[in-house]
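One structure follows; several queries about it will come next.
A, B and C are the chain letters, set down in written order, and residue numbers restart from 1 in every chain.
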Amino acid sequence: MTGGRVSSKKYVGSKVNIVRWRPAASHYTHADTFISGTWGDGENEVCVWRVPECDDDPNLQHNLKHQGNVNDIQYVSRDTFATASSTGSVHLYQHNVGGHLEHKTSWKQIHSFRTSRSPCTGVTSNGDQIASVGEDGKLIIINPTQERPLRIMESVGGCSVYAAVYVRANEILTGSLQGYLRLWDIRAAQPAKTILHSIDQVGVYDLAVHPTQQHLVAAGGDDGALAIWDLRHTTQPFTIIAAHNGPMSEVRFHPGAPDHLFTGGLDGQLLHWDASTSATPTHTHITPYTPSRQHQGGSVTVWVSSAVGSGCVDTTAIIPPSPLPINSLDIDGTTLIAASDNEAIYTVRQVMLF
Amino acid sequence: MVSVISNVDTGHDDMIHDAQMDYFGTRLATCSSDRSIKIFEVKGSTQTLIGDLREHEGPVWQVAWAHPMYGNILASCSYDRKVIIWQEDGHKWKKIHEYANHDSSVNSVCWAPHEHGLVLACASSDGSVSVLTSTAQTWEAKKITNAHSIGCNSVSWAPAVASGSADGSARTGPPPQRMVTGGCDTYVKIWRLDSTTGEWIEESKLEGHSDWVRDVAWAPSIGLPRSIIASCSQDRRVIIWVNDGVSGVWQPRELNTFDDVIWHVSWSVTGNILAVSGGDNKVSLWKESLEGQWVCLSDSAKSQQQPPSEQRMF
Amino acid sequence: MDSISRDTEEKWALPDPVLLGRMHGVVSSLCNSLMVFPHRHRLHHEGSQLEPGKEVRLYQVESFSWLWGRQARKLINESVGTFLSLQKIMQEGGGAEERKPTLVKKCREYRSMIQASMEESIIFEPEEVESDLHAYGQVLYKMELILSLLEILFIDTKPGGLVLNQLVVWVRSHFPTNHEKKSEALESDHPHQHPSYWEIIYGLVLQGSLDDVRQMLSHHPRADTDPFLSMDELLRKMPFYQVYGGVSAAEFTVRWQHWQGECERRLEEGHFATCPKLLTICKILCGDLDTIGSLWDLTDTWYHLMVSTLLYTNPTAKLFHLAGAAQDAIEHTRGNHSAITPLDRILLASMEADTHQVIKECQQVLDNPWFTTHLTDLLYHTFYQQAEFKFLGDLRETLILEYSEVLSGHGSLWQVGVLYLDHCGTSGIAMAQVVLERRPLTSDAVAHKVVQMARDRKFDNVVMSVCRVMGRRALDLDRLGSAIWWGVRSRDAAFTSHIAHKILQRYVEDGKFESSPLLDQLGPAMLLSDTLTFLGKYREFHMLYQDGKYQEAATLLVSLISSKLAPEYFWPVLLLDALPLLKCPKPVITSEQTYELMYLLNNLHTATTTNTEKQNGTATETSQEAFLEKERDIRLALTNNLAKAIIKEGTVES
């Protein structure tokens, strides 16, 4: 699987916190444009990059200033995306014709502490609404067309929330510093369930939903281990597999080949998890990415097989470990992009062969 | 190239006596003869006034920030014989303790390394040094009376790992507590807390200056077993005292004899650079070379020597 | 490099009338700026009155350097990778023969990143000649020139110590004009009509590019005439020494002398008498110093002239020949030494093999230690364990410290700074701790990154400090859940106790627990402090009770009461909690346990009645009121339970 892998490292002159592929124009093509967000500089920015067909480095198409660190990016549609800012705000941007970005609107400092601003740590979307979470422990539901947030849900105890994903159209799963997952029904008054992550309060830094089996969630934690949850059995995770030597920064399932999963960590490693070879063969469609994560149905997953349950998944390092944290990654088709505090964007082509 | 990237009106109505950056270098506290203390938020090249503290009834001589693990806490001392400890709550600063047990002006305040707890040393013109320790309910005070006859001008704490290995791993038990004081009696004195009796004892009396000692500063640890203290005096000299950590002897080395009285010495955070300011309107920065010599790095020249438009070095 | 020159002693002044004639105060932090303000010592009264209407201003003074430009950021981040991999390989050991290829490779990596950065600076703003970017490009060019020379002289040394071949290549690559003009001329229809046709040819001769010379000459209309053919033969036959060519240096010298003898013979025989241009070339080939010297403006610099001269006078020159040759060339080009630039001094010191001087000069002339640090590190590893280069060890550490300090003061590059500090001994460890501990914790993400770096380096004190600061901050914001998480991570017993008390007090007030899931799963962290242990166990009691496990809940509750772990203000709560258990139809609290509770109730009764006036804490007040109301109830329940328990216990025994 690793034979033809070609990776390049482009130094971009600022620490990159997040990278996201722009969804492809149609189901039959792969994405060729991605956006990045920086952090830690006097002036931060969001940038649009185009990845050429050949093995060249990505080219910068356009960049716009961003108030505060860009903590997360989520596409709402193919043309619009939301960013989570360290100032507690959520911003909405749009791709215009000609590759230019335009700042559409902001929900300013919707995340805040009693007396100071609270960073917004994550944004997610169901293609319709945007949901944001922050260090203030709030989950805020936004309608992109409305000025004021639709709903603000607070958790008691003031515990930072780092990750949020839609598991159904009206259900959001969040992960927090204190290591528990919470399932929120955004129509109901109170959070429905609290699911514990681990007994040592291992913080949850990122969550990813299986693209076709939405009851399957991968969680990356403070201890560098990957936890696979089956939301139908919430007493404990299906499996926990140790991998990184430090907190995990991001977990992503391959949208088209979800037997493959990718993780990045503060230890500078970028790992490819391949469950397809270790577990019983399954018929998994190669489905192109759809922004709304529609349920594809029919496919069976290897992630809840007994092999995976016993921790038996092939992991390979995709790049030589970076001396500084890998903050983010995204994958589409055969190309993976990743961002690091070493001020580099990695482009790894032929990361998987089909 | 050195250039001025910003300047801000402090709002003080009189000269500034002291300015201190907090632990992270994000806040600056200044104090003045106008009896006020001002707090600025420093972000890149902008400084924003976020606090104006007025409780003292005389010129405020010095301010000191506590380690942030105890919250945002500032101590100040004044001609009004008082020491005030302030705490930020939300965006408001309030007085959480007032210590008024000195008989004369309190000239200097210095927080102990956080390893010792929330502990403040205060030096007064009445010749005594007070050590205030925060306990669960209140502040306990211990006084070294007659530390320096005529008056004590300055106090500075030893870093918590002044002796022992750099990573602190070989350390057994709590680190020893030491501080240095300088006074009108021309002496620089080292004090150590006796862990069995709980009393401060005079460990060394360093003789070298021939006039009032104005300021003393114990250098931060830079990973070596040796300890370094800088002292400056009315006698226009700055002395660097070095204890190799083995012999226990403090060896003096004269940094320089200046043209005027030297009022203030301070170390950079990493302990590499010593800033010296004196009555000759100059600030100079000194660094120890590989050969063990102290060399002057830069010097803010007398303002009148330069045309006003010249902002860069020449 | 004069544009960025720096003296060891810098002076600057501020234009402010208030500062005028007054003492300056100064305050610094871990960043690259200083604060300066008008200052007065408390005992200093002269000239101290503030004129009315004058402002007391604060100045932030910062040192600037090309290192903070966008372009240089790539250089900083790329070079750290090379630096780290070099340290790793050197630590793995190996003999000089294994080390050398690595050092050469790493040196070339540095050079190629400097070149790449240089090219980008040209691409971006070619028209702005006077811009900062242009100056930056100039600095890069000079750094690369120095580094490539040092590579030839010290790092990529060849058997026998012959350096000239590499120096010729060095000169060619840094003075590419001749080759560029050659291509330009050859592209035209009549190359020999190019205005600088002969100048290009002389230039190429002086760079030893003899094939190019022949190609140029072949385009001359008279190329078929005897003088041209004769010259072509000489150019074709000039022997070049090849290190691995199988020819010894001595043998080469014989061949070379033979060739130069042939040149001299043809010169004397007047082969080129009809063509003065070819005559000049021939004189160069013969090593005629006057001829070479007369063409020195074609070489631009003394070092090019030196290489050209050596090429035709001493082709087997070794390092020790260079000092003299360099002096000669300098004297020829400049006449006097006053016009010598810092760059000249560095190159000269290199040729004199005075590495200490090279480093010192670089330190003086560059406004930041990026280049000097990496250069010194390379040389340190090159001369590893050689007694006369012992000074490099200390110098290297000092420079790495200085470079890291510059990076650490930068808002964004502090992580890179820490990576360097891992490689400079105990001072590096000490400074890394300071850098990490003093990083402003602007968000959880920054705190996690600092903790991770500190943990990797086993800086337990830093981890503890960061966690405590985060815990304290959360506590100040009333975020008790986060506070206890950080508190547990800091392993600070007193601090966690403090937070646990806060949580308990809040429970007493409103009967709710902050972030109960965390408290329910404290695990081994519970043992950090007594109060935390109590808190954890008390939550356990709640869970048992909720799950209907009354027997176990009762045992736990009584043990909590009798162990005295509970803080005094919490006793009433515990007794009230016991009430429903006491009222269970089937007794779950034994007679012995009931006695314990009765004893506690009596103690509490005395304490409450005597203390009510003294205590005025709201938390205790509320609980005491609630408790006094229920006291009768509890007493009754205790008596009933005791009776039931005694009967039950008696029944079982018989």
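One rule holds for everything that comes next: a residue touches a chain if its C-beta (ideal position, glycine included) is under 8 Å from a C-beta of that chain, and two chains touch if they have at least 3 such contacts.
Predicted, not measured: the structure shown is a model, and the values here were computed from it.
Peer 1: Where centres are the averaged C-alpha coordinates, which chain has the largest centre distance to subunit A?
Peer 2: B
Peer 1: Per the definition at the top, count C-beta pairs in contact and tell me whether A-C or B-C has more.
Peer 2: Counting C-beta pairs in contact for A-C and B-C gives the edge to B-C.
Peer 1: Counting in whole Å, what is the centre-to-centre distance of subunit A and subunit B, each centre being its mean C-alpha position?
Peer 2: 48
Peer 1: Taking each chain's centre as the mean of its CA atoms, how far is subunit B from subunit C in angstrom?
Peer 2: 30
Peer 1: Hunt down the residues of subunit B that sit against at least two other chains at once, touch-wise.
Peer 2: Within subunit B, residues 44 contact more than one other chain.
Peer 1: Among all residues of subunit A, which ones touch two or more of the remaining chains?
Peer 2: Expected reply: 42, 114-115.
Peer 1: Do you know which subunit C residues sit against two or more other chains?
Peer 2: Correct list: 411.
Peer 1: For subunit A, which residues count as touching subunit B in their complex?
Peer 2: Its residues touching subunit B are 42, 114-115.
Peer 1: Of all residues in subunit C, which touch subunit B in the complex?
Peer 2: Residue list for subunit C touching subunit B: 4, 8-16, 19-31, 33, 35-44, 48, 50, 55-65, 367, 391, 394-395, 398, 401, 405, 411, 425-431, 433-434, 438-441, 458-461, 465, 468-469, 471-473, 476, 495.
Peer 1: Inside the complex, what are the residues of subunit B that reach subunit C?
Peer 2: So the residues of subunit B in touch with subunit C come to 1-21, 23-26, 28, 30, 32-33, 40, 42, 44-45, 47, 59, 61, 67-72, 79, 89, 105, 107, 114, 165-169, 214, 220-224, 261, 263-264, 266, 268-270, 272-273, 275, 277-279, 281-283, 290, 295-306, 308-314.
Peer 1: What residues on subunit B touch subunit A, complex-wise?
Peer 2: Per the stated touch rule, the residues are 44, 90-91.
Peer 1: Any idea which subunit A residues touch subunit C in the complex?
Peer 2: Checking each residue of subunit A against subunit C gives 11-15, 39-42, 69, 71, 86, 113-116, 119, 121, 135, 137, 156-160, 162, 177-180, 194, 196, 199-201, 203, 205, 222, 245-247, 266-267, 323-325, 341-344.
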